[in-house]
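Multiple structures follow.
Shared between the two complexes below is subunit A, which has subunit B as its partner in the first and subunit C in the second.
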Partner chain A sequence: MFTNAKRYIKLYGMFLSHYLKAVMHSRTDFIIGFLAFFLIQFGGIAFIALVFRQIPDLLGWSFYDLLFIYGFANIPRGIDHMFTDYLWLLAGNVIVEGEFDRYLLRPIHPLFQIIAQRFQPDGVGEVIIGILLVVYASIKGGIIFSPTKLLIFIVMIIFSTIIYTSIKLILSSIAFWTKRSQSILFMFYSMSEFAKYPLEIYHKFIRTFITYIVPFALTAYIPASYFLGASSLFKSLGLTILISLTALFLGLKIFNLGIKNYESVGN
Partner chain B sequence: MNEKNMIEVHNLTKTFTAYKKGKGLAGTLKSLFKREAIHIEAVKDISFDIKPGEIIGYIGANGAGKSTTIKMMTGILNPTSGYVKVGDYIPYEKRQENAKHIGVVFGQKTQLWWDLPVGETFAILKEIYQVPDDFYASQMAYFDEIFELSEFMGQTVRTLSLGQRMRADLAASMLHNPKVLFLDEPTIGLDVMVKERIRKAIKDMNQRYGTTILLTTHDMSDIEELCHRIIIIDKGKLLYDGGIDTIRKEFGYERKIVFDLRYDDATLVEQTLETLIPSVDGCQPDNTTYQLSEGQLTVNFNRNQVGVSGIMNFVLSHFNVLDFSVQDMDIEAIVKRF
Partner chain C sequence: MKKLLRTYLPFTKAVMQGFMAYRMNFYVYILGELFQTVVLIYIWFAIFSSATSEVIQGFTFKQMVGYVVMSTLTSMLIGNEVHWDISQDVKSGRIATNLIKPVNYQLLKFFNCIGNIGINLTFLFLPLWGGYTIFDFISNGVIPNITNGLLYLVSVSLSALILFYINYLFGLAAFFIEYVFGFIFAKEAILKLLSGQLIPLTFFPKGLFNVFKFLPFAGLVYTPTMIYLGKFSEEDLLFNLGVQAVWVLLLMALTQLVWRKAIKRLTILGG
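Presenting the complex of A and B:
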């Protein structure tokens, strides 16, 4: 088991070093992607700033609170984006074109092969922006990070990332039955935008939906509200861990079930 | 159960279920609620055993079920009924275990990573299959000898020519010294020189390590040069399983001439063709057949009973011939005869 894990880590390193080399080669591509991303983020922050020009606070949340949540949301999203971007292709043409065959012919888990197949540097920008916003909002909003709090922060980010990955895994695995599932994946993935703002501003139905059904609320608002003093550690961290592990379990189950159902294609 | 078999296939059946799609918007809406299932039997009740070290030609027309069978033997597909055993494993139940001991090449599609250089591909495969360092070194030297890999070691897979890619794919499938090699159309689209090299490598691998090899092909010379035994399937059913000699005796003297003709009136050509069998020496309906389609006339005949010159004379004197070629009988034609 342990040697197996070592082997997987070594393999991932080999793939990663190759992609980093490839990124270096196409630097313009990387810079353009990076710039485009900063523009999008700038738009989002400008929007929040604009709203707060008009109203001093939103249901008791200050501008810096919102910035903190917004920044937090970017970190797990960015990490997931870096490492599991190939799931979008699994939901796209991989199954319909019979490309999945090759992953079944190698003596390592197909999911590992899919994840190792791609590294998306765009995600790095999201993580950097997220960290900058969280730091800025903490300083301005008077949130003090003790070493324990920092540790809790990191744990929450890890489990929030698992939620992102699991939701993507579940929705892209649907393609094993439907051949393609990119549109349904896109539809649900867009809901992660909701998580960038406090849940209170939404209708109860949406609140329940993004907490328990497609649990994006646990990737930003719920964990972040612990740091803003709006929620207990037990509730924020406990719920995040519980739901992320449930989602991961479901994701792996559905993925493995999908493999059994995989029908390949004719030549 | 015979302990000595490397591959056992028993009553193997694979049925695909598809759903009929309605026509137009109304039809699509209707099929949302009521779907009509169509069952396609790709493989029907096939059984055979393969001994270690055998090279088997697995042949049939397009869509006969060859690839589906291979996909069940490699663990990609689950059979609908029946079972497959490769070495010690049921491939679709112990997929990853089975994968350690087999090598697979699909001629139509590379198994390698498009974006990786060939050299890195092998380094990664070494890790995936946990190939020991010294064996890896000797295998790479061996591959360089038979496939001349160093020619394109630094190129990415995406930039390889078809022949180079096939060499890389074959070497990749053999790196971990698998007990069984499944080669689905390993020579498709390659020129004669590359084909020859690939055949040599396959033969060499078989003699050197006693590798059991199952290969599908449309090329009769692949079969003649490599296989001791062939299995023919058609429409998912087993047609023939036996030595190559029977086939050679029966079809070895079969030749095919393809003519490109220029004509205005196809019916006139058809009428003239009806006099071919009666007027050429030795021609009988059971040893000569012909077919005309879109300006191409194909004549199949037995070289032992009918002279090539007789047929050539007849066609050249009656029609305006643009081009012609003499070929061995192809596999499709053999399958049709069964």
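Presenting the complex of A and C:
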């Protein structure tokens, strides 16, 4: 078990260093991608800033509270974007073009190969803007990070990332049955928009839906509200861990079922 | 004219036929994009409940919903795939076969774009606009103003042209850079903010607003939407339509210029 894990870590390191070399090779691409995802987030921040020129607070949430939630949302999203971007391709043309066959031929788990296949530096832009926003909002909003809180923050980010990855894994695995599932993946992924703002603004149905069914609320608002003093640690962290592990379990199950069901397009 | 249509209309038809095969996917994608609109309406509701006055920057809540709906519909209506198509043509080298055909590349893409807009109009804009108008009539008793509607048609036609030229330019970027995907994403992010799709441009600080209203992006969504809602004075109306028209001409010239530069750089491998 342990030697296996060691082998996988070593392999991932090799894949990653190979990738970083390629990234450094085309530095303009890196900068363009970085700027693109930076700019996309800038639009959302500008929106919040413009709106707060008109109102003192939003249903009791201050400008900095909103920035904190918005920033938090970007960190797990960006990390997931960096490491599991290949799932978008799996949902796209990988199955149809018969590319998946080669992952079945190698003596490593196919999911590991898929993850290691691609490192997407575009996600770095999202992570950096997320961290900047969280730091800025914490300083301005008077949120003090003790070492324990910082640790809790990191743990929450890890489990929030797992939620992103699991949702992508479940939906891209559908492609094993339907050949392509990119549009469905895009549709559900778009629901992460809801998580960038306080849940209270939504109808109860939407709140329940994005907490328990497509649990994006756990990637931003629910963990972030602990730091904003609006929710207990037990509730924020407990719920995030519980649901993220459930989602991951489901994701892995569906992926493995999908492989069993997979029929090569042949040639 | 007749000969022109006979040559180029098949390119419009091809886009529409391609669409019919992927109709389901199209709707699923649109549903994803509509979530953003739903989020926006909820946020505006929260904003108006938190505000001290009923009117913010000249908008009541109902008018703001009208703005969100019409700006979403407008950006859906004028949307085209020209930038993706061109970058694909360049990347795959298919552009070479287009260049040896006795057709004008830009006209070809223009007729593709008409196909995109035809699809958007029939399968998205009209059903959604119809639904919203009926809803607005039943719940608020609002009947759309015909003059505004006609002026909207004029303005949105100019918007469609502006977006065609902008996307054409971004497609040509594939001649100069490799990572077009990121480039186009960045463009879309900037357009969303500067076109007024995310928030009416009047919400920007006065200094910025005075700059933005001269940019081509304001003519994409903000101008037609404000015209539809009847929020422009006569003076504003003429000014904004004028800005749109001027940009159509400027961009038309610019595309020619960039095309000439781009085509010189083209190297096709193999054949």
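Note that the second predicted complex is superposed on the first by the 267 of 267 C-alpha atoms of A that agree within 3 Å, B and C clash if a C-alpha of one lies under 4 Å from a C-alpha of the other, contacts with A are read in each partner's own complex, and residues count from 1 in each chain.
By definition in this document, a contact is a pair of C-beta atoms (placed from the backbone, for glycine too) under 8 Å apart; a residue touches a chain by one contact, two chains touch by 3 or more.
All of these numbers come straight from a predicted model, not from anything done at the bench.
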Overlay on subunit A: subunit C relative to subunit B, clash or fit: fit
Contacts of A:Asp101 with subunit B and subunit C, given as first, second, both or neither: first
First (subunit B), second (subunit C), both or neither touched by A:Arg53: second
Partner chain(s) touched by A:Phe15 [first = subunit B, second = subunit C, both, neither]: first
From subunit A, separation angle of subunit B and subunit C (C-alpha centres, steps of 10 degrees): 90
Touched partner set for A:Glu263, first subunit B, second subunit C, both or neither: first
Partner chain(s) touched by A:Ile201 [first = subunit B, second = subunit C, both, neither]: second
Greater residue coverage of subunit A in the superposed arrangement, subunit B or subunit C: C
Gap in Å between nearest CA atoms once subunit C and subunit B share a frame through chain A: 8
Common ground on subunit A, meaning residues reached by subunit C in one complex and by subunit B in the other: none
Complex contacts: residues of subunit A adjacent to subunit C: 26, 28-29, 32-33, 35-37, 39-40, 42-43, 46-47, 50-51, 53-59, 122, 183-184, 186-191, 193-194, 196-197, 200-203, 206
List of subunit C residues in touch with subunit A within their complex: 24-26, 28-29, 31-33, 35-36, 39, 42-43, 45-47, 49-52, 56-57, 177-179, 181-183, 185-186, 188-190, 192-193, 198-199, 203-205
Complex interface listing, subunit A residues touching subunit B: 7, 10-11, 14-15, 18, 22, 98, 101-102, 104-109, 117, 260, 262-264, 266-267
Residue ranges of subunit B in contact with subunit A within the complex: 16, 62-63, 67-68, 71, 74-78, 95-97, 99-100, 102, 104, 106, 108-109, 111, 113, 115-116, 120, 123-124, 127-130, 184
